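Worksheet for the structure shown next.
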Amino acid sequence: MTEIGIGIVGGGYMGKAHAVAMSSVGAVFNTALRPRLEMICARSTASAQWYRHAYGFARATDDWRVLVADPKVEAIVIASPQDTHREIALAAFALNKPVFCEKPLGASLSDSQIMTKASVGHISMVGFNYIRTPASQFARQLISQGAIGDITWFRGEHTEDFLADPKSPATWRTSGEANGTMGDLAPHMINGALALIGPITSLVADVETVHQARPEGTVTNDDHGQVMCRFANGAMGQMYFSRISHGRKMGFAYEITGTKGAIKFDQEDQNALWLYTADEPEATRGFRKILIGPAHPDYENFCQGPGHGTGYQDQIIIEARDFLQAIETQTPVWPTFQDGLDVTQVVAAALASSRTKAWVDVQPA
Amino acid sequence: MTEIGIGIVGGGYMGKAHAVAMSSVGAVFNTALRPRLEMICARSTASAQWYRHAYGFARATDDWRVLVADPKVEAIVIASPQDTHREIALAAFALNKPVFCEKPLGASLSDSQIMTKASVGHISMVGFNYIRTPASQFARQLISQGAIGDITWFRGEHTEDFLADPKSPATWRTSGEANGTMGDLAPHMINGALALIGPITSLVADVETVHQARPEGTVTNDDHGQVMCRFANGAMGQMYFSRISHGRKMGFAYEITGTKGAIKFDQEDQNALWLYTADEPEATRGFRKILIGPAHPDYENFCQGPGHGTGYQDQIIIEARDFLQAIETQTPVWPTFQDGLDVTQVVAAALASSRTKAWVDVQPA
Amino acid sequence: MTEIGIGIVGGGYMGKAHAVAMSSVGAVFNTALRPRLEMICARSTASAQWYRHAYGFARATDDWRVLVADPKVEAIVIASPQDTHREIALAAFALNKPVFCEKPLGASLSDSQIMTKASVGHISMVGFNYIRTPASQFARQLISQGAIGDITWFRGEHTEDFLADPKSPATWRTSGEANGTMGDLAPHMINGALALIGPITSLVADVETVHQARPEGTVTNDDHGQVMCRFANGAMGQMYFSRISHGRKMGFAYEITGTKGAIKFDQEDQNALWLYTADEPEATRGFRKILIGPAHPDYENFCQGPGHGTGYQDQIIIEARDFLQAIETQTPVWPTFQDGLDVTQVVAAALASSRTKAWVDVQPA
Amino acid sequence: MTEIGIGIVGGGYMGKAHAVAMSSVGAVFNTALRPRLEMICARSTASAQWYRHAYGFARATDDWRVLVADPKVEAIVIASPQDTHREIALAAFALNKPVFCEKPLGASLSDSQIMTKASVGHISMVGFNYIRTPASQFARQLISQGAIGDITWFRGEHTEDFLADPKSPATWRTSGEANGTMGDLAPHMINGALALIGPITSLVADVETVHQARPEGTVTNDDHGQVMCRFANGAMGQMYFSRISHGRKMGFAYEITGTKGAIKFDQEDQNALWLYTADEPEATRGFRKILIGPAHPDYENFCQGPGHGTGYQDQIIIEARDFLQAIETQTPVWPTFQDGLDVTQVVAAALASSRTKAWVDVQPA
């Protein structure tokens, strides 16, 4: 049992999630490396101190450079806004420290490219947590084992409704390309699509801002966007991303059809995977609702009973396990910065297609 | 109670459905006009006679011209394959007889245009039955009353799996544009989209044949197709059509988001409509599953108890009621041939877009 | 194709349903006997005449004796209130005419016994329609084929909410034992339990009136009742019946567990049956939602497409088919009056148990 | 931030869950007391040492007396089999140490009574975790606020299928009353019923062993049991408990009807609560699926996004928060040993009723 000093930049929504994950991942997965909450950084000293106390860190700072440079900080989690990701990651790699960076990788395609280049030879990981549920890991397994045959069709969405009310005021979320729906929400599902089906070769997209005028300001990034695409394996696909989808709270959902069956999943019921296989007698065929349990990836460490359920926080614990394992074994674990860049390429292609109103090829990252 | 002599061309899947509907529509809706099953037509004398006996018609013929011309046949239902629709309809209009024509209107855009032109001044109707369920009629009402605000997003699909098995042999269904997925299945949902959201102004589509080689022949029409579009009211939309969607048996389904709420529907559970309205307190908001009953359109005539359910055949009875009413009042009832042509225009635009790989404008019909 | 003259007593909710069924059953099932709507009877001449016209009967009367005695009335459907069932049935049997009687069989145990005795040697049938859906017929098949092994547990309910509002006024439904929940609603599910699992040998019940004072009167029959029982095959079971179950519109629902699997059904989604079989690998086990189609009993005659759905009225058409077949073949078709009496015995036992607060044995009918 | 030394007896299924909870509860809830994993106990030294290492405890022992007596162990979690609960709890109370005891409270009614008596004046808590989900806490809130009116009906179940296969061998679980379905699973739902509806006054039950002969031994405790009851508030209820319910993995589920609405919940989809309120217009009434989020109890500390979901482990973290708070404030937090005893009384009454085949009154604990 070797300790490793963890430094987290950002103590908000995701900073807390990673702090909690680092507190429990050792007990959950009996990891070789055991995190020690060494230092937390936030924009102000007051908030940094508050987070230190609340989450149980040893020290706090309002300067991420201090955190990155601290010798007792041996691995860095970036949970601050997208426009801070590049600089922090580069500084960490310069000191040869492993970096876990929240999604999206960089605040722009160029940032992501620079970060990916810098990550070569280092341990890097990107925070695509939704694809880490036991259910979605199992979906990947089923597909790769050929359970539903060759894939003919994919439909994915990442839909939420936190800005569905036109009277919700403008905030930092409503400006900056990387904070719009394509920049901020789409990466989860695009990463999901790449993981489940494989590379996207071409696409056509349509992106727009529905509510331009909001109380307290003008919105300058996109509310929703739709994509139609082709995958390298020939499958067709559609995706939709939205922060204005009334009724959808965590709409990371997909439907996949193959030549032998089909799979459906919706993160709002994250402990079930729906599977249809065509090899049943006609009278007893149907989508079966599989409740996730110890027979599925990464579940048993959380609970011995099937159907008892994992939740959002557990996805972050799985990420922490993978990050620690990558560090310990000095072997990259998916998804690395390169995988994050693949996603950014698709986002960039979609934004370009929406501007030109034409099909575009996706550049290999 | 005035009788009206009905002639049906075709005694297969839909010919039977219309025969049954004409037998019971009077008792269900207490219609002013009461159908008399006068004559049925099929390709062979033997089958025509068999249908006559089975469905209870007075007479049978193997020549639709005889049926159309017969003086006791006062209204005509066309339930034969798409390539027969044009000639029969034209002959009927020439005798000033009302025509109900199964979808799709014509076997081609040109057929549909000719038929629509010929229908002017006559009673015409097209067989878009799915949009006639009490649930989908109620969805239309809710939208037009502004229950979910301005529409921002539409997703529709018509998916089935009758050709999902690559080993299913080639048949007449696997050749002829009008028998492919875009020609045969898409019209239902496109008509649904137009009815629910309004005209489509532009679209981009991708259509393909997945299983080109089948036992007993080569497939020359499309297995599935996807569309991305804009509506005249500004809403974005996606559609998908498929006959190879394993697990989907009657996947006429849509999701509609507006600025105040959302609606979901799936024909596989046709007696429920899901409604989300944003005007609830946050803690008690959620999609509600409304079970269709006497409070909804065209339900009470079938059953006094809510949630007791209508089925496929009942949609055809509702169509028959509307057709009889159009004849009696000599006033067109939606959807007329013009409405059918609107749908064909969208299908034509989608096929064109798929060939040119570009966004195309939809021609007003 | 032989015609048979049908007389229906009652033109309300169920009188209409049977009139519609008799209008279309011939076309749907290509029956040997073809119903002719000969005469309808209602309490007043005016309403009888109105029904005659609306449903398309040849003649009308306000005296059921006239109807029963009429030589052109060859089969009788009793769709009038429970307290009229006995007299009408007896008169019909006296003339050796076949009788279809709506549920519950008689207005009391004694009535049911007399009716059952009188039915011997005649064609009789009771209107338990819910068990006639293709889904529930398929459930019966699965169980009898051993698909879920030996039955260990049954849970059934028949719940609706038409009197859930305490401010709903008292009516004829709120007095008379046969009009209470145990008398009126429970028979459907008790019949279902007997059909699915087999005879009930003993039970304990608890029945009560929740809202005794209603606008316009005092309620003298029961609002809801619960039963715990043992079946002859050893299975345990629970049932619940209610007319005050807010949110339940057609809550005819059951769950059945066996030693090899389980089945679930809810009439509110009557076109799906849920099946779990334990013989799958652990990772892919789950309840599968089977959409009913041509592979299931009595579906294909309504529609060739799976998942397209049947509804309430279609159940009554299936009943009509069975009644006509029983008449034509002069062979009893389940459920006869004897089967209706079996149900009444269970209801009587439940009411007795609720009074004595003790387990009681169910008398073999 | 005051540390508190935690000792856990048992390192299996629940010992681990509590160890993980104690590791993260501080960061999740920013608790005043911060757990320090001081000592873990298991039956053998080897396993105790293994657990120490895996979960991150400072020390280990194979003698619970050592753990209880250790001065650095300031609070005790009992996560060992039921027959060890009494002795450990008594020893801890003798040293005035707070005790969290896994359910069921004692191995028998007498044990539970002795433990409850001993708990007076001390901090005690019982591990009823399922009722702690944000969804079930919200259900309790809704009911107590009168959202569904006066309760008329309750149906609860705790069903799993870990022994559904008759070929599963006999183990320690298949002997000992406290390890049977009534002893081991029923307490969760009985506690739920008491929390949601209030005290049970009388009941009748039927309990049995379905599979008496299993490989490797004879089963001497119960496989399933059913209960029918009355609550002090007059509501009727039914419950079912089973370890042989094929298809049910975590079937802690309830349906509650009141005079103004209804609530449904199923732990297998633990992040949704279904609510029906009768005060909507008839056309838009329906059960709404509320996705749990920050507007509901104890959710926001786990995630800021609604619908993102909590899981099994999070329930245990909520328990840990309550236990720490009780200790810090020296004020009992529900459910104490007294509440655990209330549950045991109901179980005892059910077993008695099953033996005597009669309704029995439930003794106030």
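For clarity, chains are labelled A, B, C and D in written order, and residue numbers in each chain start from 1.
Quick note on the criterion: a residue touches a chain if its C-beta (ideal position, glycine included) is under 8 Å from a C-beta of that chain, and two chains touch if they have at least 3 such contacts.
These are the chains along with the protein names UniProt gives them: A, B, C, D = Glucose-6-phosphate 3-dehydrogenase.
Because the structure is a prediction, the values reported are computed rather than measured.
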Pair joined by the larger number of C-beta contacts - C-D, B-C: B-C
Relative to chain A, chain with the most remote C-alpha centre: C
Gap in Å, rounded to a whole number, between the CA centres of chain C and chain A: 53
Chain centre separation in whole Å, for chain D relative to chain C (CA means): 41
Chain centre separation in whole Å, for chain C relative to chain B (CA means): 34
Residue numbers of chain C (touch at least two other chains): 248, 272, 285-287, 291, 293
In the complex with chain C, residue positions of chain B that touch it: 1, 13, 16-17, 19-20, 23-24, 26-28, 30, 34, 53-56, 160, 162, 248-250, 267-272, 291, 293, 302-314
Residue ranges of chain B touching chain D (in the complex, touch as defined): 138, 272, 275, 277, 281-291, 293, 295-296
In the complex with chain D, residue positions of chain C that touch it: 148, 152-153, 155, 161, 164-166, 204, 206, 208, 210, 224, 226, 228, 230, 236-238, 240, 242, 244-248, 257-262, 276, 278, 285-287, 357-359
